[in-house]
Amino acid sequence: MDVSAILLIHCPDQPGLVAAISNFIADNGGNILDLDQHVDDERGVFFMRVEWDLAGFRIPLPQIAERFGDAIGTPFHMQWQLHFSNERPRMAIFVSRLPHCLTDLLARWQSGEWQVEIPLIISNHDTLRPVAEQFGIEFRVFPIDATNKAEQEERELALLHEFAIDLVVLARYMQVLSPRLINAFDARIINIHHSFLPAFPGSRPYHSAHARGVKIIGATSHYVTEELDSGPIIAQDVTPITHRDPVDALVRKGRDLERTVLARAIWFHIQRKVLSYDNRTVVFD
Amino acid sequence: MDVSAILLIHCPDQPGLVAAISNFIADNGGNILDLDQHVDDERGVFFMRVEWDLAGFRIPLPQIAERFGDAIGTPFHMQWQLHFSNERPRMAIFVSRLPHCLTDLLARWQSGEWQVEIPLIISNHDTLRPVAEQFGIEFRVFPIDATNKAEQEERELALLHEFAIDLVVLARYMQVLSPRLINAFDARIINIHHSFLPAFPGSRPYHSAHARGVKIIGATSHYVTEELDSGPIIAQDVTPITHRDPVDALVRKGRDLERTVLARAIWFHIQRKVLSYDNRTVVFD
Amino acid sequence: MDVSAILLIHCPDQPGLVAAISNFIADNGGNILDLDQHVDDERGVFFMRVEWDLAGFRIPLPQIAERFGDAIGTPFHMQWQLHFSNERPRMAIFVSRLPHCLTDLLARWQSGEWQVEIPLIISNHDTLRPVAEQFGIEFRVFPIDATNKAEQEERELALLHEFAIDLVVLARYMQVLSPRLINAFDARIINIHHSFLPAFPGSRPYHSAHARGVKIIGATSHYVTEELDSGPIIAQDVTPITHRDPVDALVRKGRDLERTVLARAIWFHIQRKVLSYDNRTVVFD
Amino acid sequence: MDVSAILLIHCPDQPGLVAAISNFIADNGGNILDLDQHVDDERGVFFMRVEWDLAGFRIPLPQIAERFGDAIGTPFHMQWQLHFSNERPRMAIFVSRLPHCLTDLLARWQSGEWQVEIPLIISNHDTLRPVAEQFGIEFRVFPIDATNKAEQEERELALLHEFAIDLVVLARYMQVLSPRLINAFDARIINIHHSFLPAFPGSRPYHSAHARGVKIIGATSHYVTEELDSGPIIAQDVTPITHRDPVDALVRKGRDLERTVLARAIWFHIQRKVLSYDNRTVVFD
C-alpha cells in the first residue's frame, strides 16, 4: 500500500481555506483520498483533516512540512500537524491491578489490528507483570505513596522519553497524574473513565451509578488534562442495566464498555482523526 | 379479553414469600400469567409483580384486596397495590410551550395505544391551546410568577381532584412543582428531563452537553420528588452526537429521545410494572 | 438567516476535483459553510456535498446552476444537484390504516421542525381521514384492488403533479407501487419498512422476527425501487426485545422505531444530505 | 459464598406450577434468591428459572435431583435441569485463524471473570498455537478437507469426551460441523456469527452487508443446530456504520461486536440463564 499524508488543521475561519489547501495538494500532483472539514460557527474556527496519496506527489516527503507551512500554514495562521500513514506511534500503557483493558490492548497490538509499537508498560503495582511477560513487553513498577509521587513521576517521565513514547494510555490506572507529566504529553494521554461523564467523575462510579438508580451505564475515553475527568472527550458508549444488576454486575458489564471505548479512542488517535480544541474534540470519523 | 389482577409488592425478605403468594392465587383458582420477583440483597427487600387470570378465580373482584391483605399482606408486613387490567387510569398533562411531547402523548392516546383517559391539560401558557383543541381535550392555563405560585398550584390541585386524576405527566413543563403538589401525587408524577441524569440537571442541559463536548446525549424519565431532577429514574435512553451538531441539532435529536423515553415510562407505569423504593425503581419489564 | 447553496455531486474520481469546486466557490466570493467528501475506492467514484453562504456570492442565484455546469459539472462529467436553503419541498404522504407514522410526520410539520409543505395525503382507505382533517390537510382515497391498480395509480400520479409534489413518503402504506409511479419519482419516494432489512422483507416482519427468535428488532427507511424492500437504505435503527415480548409487543416497540427512523430519513433528504448511487446511499451527516 | 441450586424448567402450562415449585423449596427450608418465570401463551408452555440458597436446605445436595423429580418434575411432566452455583463447566474452544475471539475468551478466563475451565482448544489450522501456548492451554490441530471430515470429527469428539467437555464454543471456527458432533452436544455448542441473523447467513457477511448498503452491522450468538446459522439465538448486538466504511472497516468494527456478543452468550449459558425451546431461547437476564 502506498504512503499517504495526513494534515490536521485548525485556524480562524475565512473564505478560501479549502481552495488554498486543495490547490496546494492538486498543484503538486497529489490526489485527495479523504477530506473532512468542519466550521465551528460559534467560535469562528475552521477544522480540517485531509489525506492524500503521495504516489505522484512532487514534493519529497521530508520537505512537505516546510513547504506547506510556508505556503499555507503560516499565511493562514494555522495550527497544523502533518502525519504519514506509515508511521508507527510508540505507545506506553499505564495500568494498576485490573487486567481487562491491558490484555485487550495487547491482544489488538499482537494481532496487528493496530499499527503501533507498545514497548513499555508502567504500573504502580507488580500485579500485572505476568500479563506483560505473556506478551513479551517491558514492565516497570513505580509504587506511589503520599511522599514519593513527584520523584516517581520524574522517573516515569524519564522512562517515557528514553523509550521515545508518543502516546500514553491509562488503561484503568488508578493514580491521578501531576501537571508536569500531563503537560509533557499534552493531548497525548488517553484515559478511560468508567462512567458516562460528566456523570459520576472520580472514584467508584459504578457504586454511584447503582446508588442513583440509573438505567444505563457508560464509559468515557478522554484526553487527560489537569482537571480530573474533565478533559476533551474522544469516545463514549453506554449499555443498559436493570434493577436486577447489583454493583458487581455493573462492574462486569462496564468492563466490556471500557475495553471497547478505550480501543475506539486509541484508534481515532492513531489514525490521526482527532483534533482537540477548547476542551472538546473534533473526531473526523 | 379476560380481566386479570396485578399485585405489586415489596416487603422485608424472608423464606416462603413466593410460596405464600402463589398458594393464595392457586388455592383460589387463579392461574398465574406472569410473575417477576426480585430481592435486593443489600437492603434485604423482596419485590414482586404477579399477574393472574381472574376467569376461574373464586374470590369476587371487590373482595380480593381485603382477602389478600388479611391472609398475606399484613402478616408479611407488605406494602402492596392491587390493580385490575381493565382499569383506565386518568392522566393529566402539564406542558409549557414545546409541543413535541404533548402531541406525541395525545397521538398515542388517540390511536388507542394506551388504555388511559386524558381529560385535562394544564399549562402556564396559552401557546398550546390549539393542540389541545385539535384533540378535543380540556385545556386550562395557570400563569405562574414569583407572587402567585402557591395559589395557582392550589387551583391546579383542586382541578386534578375535580377531574379524578390518577397520574400527572410533565411533558416539558418548565416550572418546578411545590412539595404540596408533589406529595399529593407521590410516585404518580412522571417528568421527562432532557439529559442523561445525573449529568446536566436543571435548565438548559443541551447547552451544557454541547459545552462539555459529550459524544452522546440522553433523556431521563423519573418520578418527581422534592429534590429537583433527583427522583427515581424509570427510563433512560441516549443517542450519539458528533462535533458537527450545534446546540439546535442536540435539541432536535433530543426531541425524539424525550418523546420515546417519556412514553416508555408512562407505559411501564400504566401497565403497573414499576415499583419505587428508596429513590430507585424496580421495572418489571 | 441568510440563504446558502447546496451542491450534491458524484462523478468519476480524479485529482483536482476538490480544488476545482472550492475554487469555483472561492473565486466567486462564496464562503464554504460545510464540505463533506467521500471517495468510493472500489468503484472509483467521487461524492461531495458542499454548502456555501450566498451572502457575498457574486453570481446571481438564478445563474449559479448554469455557471457551475459550464465551468465544472460538464467538464468533470458530474451528476449534480443544486439546492437552496430557503426551498420548502412539497411532500405527499401515502398511508393505509395505521396512524402512528402519519401523526408523527404531521406533528413535526405543524411544529415547524421541518421546512416542508405537506399539501396532500393519499390513502387506499378512508380510515385516517379524521387525522388529516385534524391537521387541515387534503385527504384523497384511492381504493386499490386487483383490477383497478393501474388506473388508480394514474390518478394518484396526476394528483401528485397537480399538487407539484417533490417528495413522496410512504408512511406504512400497504400497497406495492408500480414501476410507472416509482420511476416518475426516482429517489424521491421514501418508505419505512418495519424490519431490519435485509432481514424480514415483505409482509408481517414482526411475526417473522418473533418466529425466528431474534433479540433485536429494527426499522429501515429506504428509497423505493422496483424491487420490493430492496432500494437504497437511508436510515436504520434497532431496539432490543426479549422472550417476554409477544408479537403485539414487537408491534408496539416497533412503532417508536418506525416513527423515528422514517423521520430521520426524511430529515436527511430535505436537508439535501443524501446521494443515492448504485443502490446504496451516501448520507453526509 | 454459599452454594445455591438453580432449576431450569419448562413444561405444559397449568395452574399451580409456581405454588408447587416454591412450596417444594420453602417446605425444605430453602430461601429463594431469584425467580423468573415466563409463559408462552401461544404454545401453552411454562418456563422457569429459580435459584435458592442451600444454606439451610434440608435435602442433601446429591438427593435434590431425585427428590425434585419425584415430587414435582415427573408429576407435572417437566423438562428440567438442576445446577449448582459451585460447578465449573469445562469449555472447549474451536477456532480457525482469527485470534480476536479466542484471545478475548482466554483473557476472561485468565482474569477469573468466568467460573469455567478451559482445558482444550481445537483448530483446523496451526496458526493460533502461539496464543494457546501463551495462555498455557492444550492446542490440537485437525486439518479438515473434503475426504477426511468424518474421521477428523470422530477424533475431535473422542477428545471432547476424553477432556470431559461440557460446552463447546466456536470462536470464529470456519468449518460446518456434522450432525453427529452437533447432536452429541445438543444446546451445548455456541457459535458466533458475524452478522445480524437472519440477515447475511453463510460466508462473507461483511461483504454482503457492504454490498447491500446497510447502516448497521451486527453479530449473533446462537446454539448450533443442523441447519447452518439457524439455531436458537442467545444474544445479538449491533453497531452503526456509514458509507465511509469499506469492508475492512466493517471487519474491524465487527470484531468488537463478535467478542462482546459471544462473551455475553457464554455468560448466560454458564450462569444457567438460558433455556432453548422450539428453536428460540428464553434468557432469564
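Letters are used for the chains, namely A, B, C and D, taken in the order the chains are written, and counting of residues starts over at 1 for each.
Throughout what follows, a residue touches a chain if its C-beta (ideal position, glycine included) is under 8 Å from a C-beta of that chain, and two chains touch if they have at least 3 such contacts.
As the structure is a prediction and not an experimental result, all values here were calculated from the model.
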item: Intersection of contact partners for subunit A and subunit D; value: B, C
item: Comparison of B-D and B-C (more C-beta pairs in contact); value: B-D
item: Far-end chain from subunit B, centres as C-alpha averages; value: A
item: Distance between chain centroids, defined by C-alpha means - subunit C, subunit D (Å); value: 41
item: Distance between chain centroids, defined by C-alpha means - subunit B, subunit D (Å); value: 37
item: Per-residue overlap in subunit A, given as positions that touch at least 2 other chains; value: 38, 242, 244, 285
item: Subunit B-facing residues of subunit C, complex; value: 99-100, 103-104, 107, 110-111, 113, 134-135, 242, 244, 252, 255-256, 260, 263, 285
item: Subunit D to subunit B touching residues, read off their complex; value: 13-19, 22-23, 25-27, 29-39, 240
item: Touching residues on subunit D, where the partner in the complex is subunit C; value: 38, 40-42, 47, 196-200, 212-216, 218, 232-238, 242-244, 246, 279-283, 285
